[in-house]
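Per-chain residue numbering starts at 1, and chain names A, B and C are given in the order in which the chains are listed.
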Amino acid sequence: MKIGLETHVLLPTKTKLFCSDAVAVEQPNSSVCPVCMGLPGSKPVLNKEAVAIAVKISASLNCRINNKISFVRKVYFYPDLPKNFQITQLEEPVGEKGFVQIRGKKIRIRRIQIEEDPASIIREKDYTLVDFNRSGAPLVEIVTEPDIGNEEELRDFYTELNSLLYYVGVDIEKEVKSDLNLSVAEERVEVKNVTGINNLLGAARYEAARQTAVIKSGESVRLETRSYDEKSRTTKVSREKETEEEYGFLYETDLTNYDTDWALVQPVRPASLIAQEWAGEYNVPENRIREAIMFNKEALSLLDHGRNLYGFGEMLAVIRLLKQADIMNVTSEGFGRLVSAVKNGASPDKTTLEKYLRGVEIPDAGTVDESEILSEIKKVLEKDKSIKEKYKKNPNIVNFVVGEVSKGKNVDRKALAKLVKKEIEDLL
Amino acid sequence: MDQKEFDRLASISRLRLDENEREKFLKEIDEVIRLFDEIEKADVDSLEPAFHPIDIPQRLRGEEPEAFGNKKELLGNTKIYRFYVVGPKI
Amino acid sequence: MTSSISKFVRSEKREGYYDRLVTDLTGLNDRLNAFSVIDGNMKVGFPLSVKDNLCVKGFECTASSKILRGYIPPFSATVVERALNAGFSFLGKTRMDEFGFGTFGINNDKPVRNPFDERRVAGGSSAGSAVATSIMKYHVSLAESTGGSISAPAAFCGVVGFTPTYGLLSRYGLIDYANSLDKVGVMGRSSQDVRYLFDKVKGYDRRDSTSVDSALKSRETKNLMIVEELLDKVEDRVKTRFLGFLDRLKGNGYSVESVSAKDLEHSIAAYYIISMAEASTNLAKYCGFKYGLKVDDFTKGYNDFFSEARASFGAEAKRRILLGTFVRGKSVRSRYYSRATKIRRAVINRLKALTKKGLLISPTMPVLTPTFEEVEKLTPVQNYAMDILTVPPNLAGMPHVSFPYDYLNGLPLGAQAVSDHFDDYTLLDFVSEWEKGFRYEFKYNLGDL
């Protein structure tokens, strides 16, 4: 199986690619002008920031940056396309010949091109409703070579790409859509507009099985465009694809050539690479670091600042606590206090965490009266006599008791668990 | 140009031609393409293409949002239903 | 010599001057079809007409195409805005060949007639602008040329038609024909009037990425050149008169040199390939639901819906869409489109080399103003060949100006001078010199003071 992805990413700019309308607006057709509605007489003017971000993405995906870029018109007819051509790039795209490193493999990037988003369209029974707010929103399309060989690689690539985009500043929650090109044999099939890794995996799984079945039956796979249905987890044939002959790409002479020298920046260092390095350096499992930093700029920065001051394992524990409690904007001082407290065995809840970040001391786990805790444990065990029986089958029931007892208290959950275990075992 | 190629061009450019037009254009277009074919003789292989007649300094736009002030007239040329522009069925 | 614009502005106008002008104009326009819109509202400034492919906010703008009927642009072209800010008064929209596709002003709903002889064409595509200039004493027009659309009608209607260097006049608000070739320009009854308006509207516009702001040169030159291969294409009776004109210029102190420029041979083919390729993409947007002509039945599939709207393109537009779509197809693009852009490079190189030494001069059109009957007999290729003299400078984006130099059988003859990029003023100075010793003739002088 060979998979290539064409991923469309919305660039985080204030204004559209070729006009000064704001990008994110709610009420339909409120952020529109003659340019993004394709009115005769209007002309595109390229957004500088969009070029800067596209260059940064290209650099971060190890692409060769073209120092001269130009645009083309890709002509096809559809009601969501205001001019019935899309301004995109062909021969001189912003980036070419890059790669994304996943575990043990490089997925090659063929090209990265800047292009405009079409309008959004709602299909009604007898007509369509078109909203031009999205028309002209700045996108890059990231095109891979068909280097992805299985579902695991698809998942790894998707995570790695999204992490890089996240660190460039793209809002990956909102706008990452992919077209999936998959072939089991010769002919490839394109599945359009798939959002999110679960749908990509679903589409890949279904297409691979479908194409295999077609070939087994002695027929050949048709070159076609399909769409993915999230509910049934299947793909079906969508509108006929125009061939490249029909697009009739033409140099966009309303625009000129643009150099990119001014936009060159340091590429983003992959968080996965940082995780790998730290894992070796601080002897912490790589996965724990990845979990903390792949999609968390703040965690990466806290870890980076604290790694020569605190224990790495404790820092990761604090980051997990902060994430569970959904706490952001932590100062490095507050973070330091938390790390020390956790090191001393504290296991604070959200309210306590916040207090502590503000500089209020967390009471030590040892200061809670042990006899009071013991009587609390006994109360819980008496109330539900089945606990000790359940314990025989599943010792994890301890955690339930710990949860009951520690409600509203700041206690060391590990120490508490030991106490609970001892009490139950005493009863048996 | 054969008829099949002609019909393909008409179809991808969404032009519906009646029989008279079709017959007339087929002949005329053939003649024009013969004129175009003449450029094969030009000795220009070593030249850079000129997409524009002059060198134009690059112009990039800064990030100041600017709302088009004339929305009513802008959308006045369209049919609107609940803020949406009504388009043909897909 | 001062422009008639300053004279007009200083003069006392009779009470009801504009009402009278509008009435007279409307009457004559019923025969000549120069205007598609005449704005009868009260005005005070110098009368300005605008080719119908330039948007004027609030006035129907169709580029003389059925498919844009009813389109009211919500903004004005930058050149229009600048002219109005400079005190010109908008008088109306002038008829043209649909989207600029034509050399004679007949590819539209009402063919534009020549004021010198109404059985003859006005020339195109800026037909209405040339006729308007030819019939009004005080008036200038904003026109546009892609491959000769200012020179041709200016020559046939006996007015001064100036096409500046590509990019000097903003294209924002211009309905595109071919974006890398389209140039807004100016028509007037004298080089002074033309220069006055040109100065008010030129320069960089942040809404047009291809507009430029360049310091314009003006140089003294007495060197004129004629290109042998081009002059050979001119019919004899026109050529004879043109040679007489050259003699007069020699008498005025100019030298005339005959040069060979074989590189220009493929200009026409290259021009039509590039312009049709670009036009076929520009015309994709017209599909019947956002502006202009509307298809009512949304329940049709979008392909049928679009095709129904696009059936209302005129024959020449359809031809150019088909041919333009053909030459940019993937399998033939390098053979046609890419090669044509290299020919454009060769033409630019050649014309730049020549105009370094002086001005190129030729008749504007290879024939005397034809009748409607004569024009109707032409095949498309014969028709395109009429642009042989106007296409080279247009393909190269070089400034050129057409002006009357003689009259034959009561019809004006136009000559065209070409200069280097950004050497625009040299051309206007040259015509200004000519005007010192030659009186332009007109059949109508509507709006005389």
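Please note the rule applied: a residue touches a chain if its C-beta (ideal position, glycine included) is under 8 Å from a C-beta of that chain, and two chains touch if they have at least 3 such contacts.
The structure presented is a predicted model; accordingly, all values stated were derived computationally and were not measured.
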Using the stated contact rule, I'd like to know whether A-C or B-C comes out ahead in C-beta pair count. B-C
Name the most central chain, where centre means the mean of Cα atoms. B
Measuring centre to centre with CA averages, how many angstrom lie between chain A and chain B? 38
Whole-angstrom distance, CA centroid of chain A to CA centroid of chain C, is 54
In whole angstrom, how far does the Cα centroid of chain B sit from the Cα centroid of chain C? 21
Hey, what residues on chain B touch two or more of the other chains? 12, 14, 51-52, 56, 59, 61, 68, 74, 85-90
Which parts of chain A, given as residue numbers and ranges, touch two or more other chains? 34, 37, 39, 45-46, 77-79, 126-128, 246, 251, 253, 256
Residues of chain C touching 2+ other chains? 71, 74-75, 180, 206, 209-210, 280, 284, 287, 289-291, 298-299, 302-303, 306, 325, 341
In their shared complex, chain C is touched by residues of chain B numbered 1, 5-6, 9-10, 12-17, 21, 24-25, 28-29, 31-36, 38-42, 44-45, 47-54, 56-57, 59, 61, 68, 70, 73-74, 76-79, 85-90
In the complex, chain A touches chain C at residues 34, 37-46, 73, 75, 77-79, 82-85, 126-128, 243-251, 253-256
List the residues on chain C that touch chain A in their complex, please. 54-55, 61, 63, 68, 71, 73-75, 77, 171-176, 178-180, 206-210, 277-278, 280-281, 284-285, 287, 289-291, 298-299, 302-303, 306, 325, 328-331, 333, 337, 341
Residues of chain C touching chain B in the complex: 57-58, 70-72, 74-75, 165-167, 180-181, 206, 209-210, 212, 265-266, 268-270, 272-273, 280, 284, 287-292, 294-295, 298-303, 305-308, 310-311, 313, 315, 318-319, 321-323, 325-327, 335-336, 338-346, 348-349, 379-381, 384, 395-398, 421
Complex contact set, residues of chain A against chain B: 13-15, 20-22, 27-34, 37, 39, 45-49, 51, 70, 77-80, 121-132, 239, 242, 246, 251, 253, 256-259
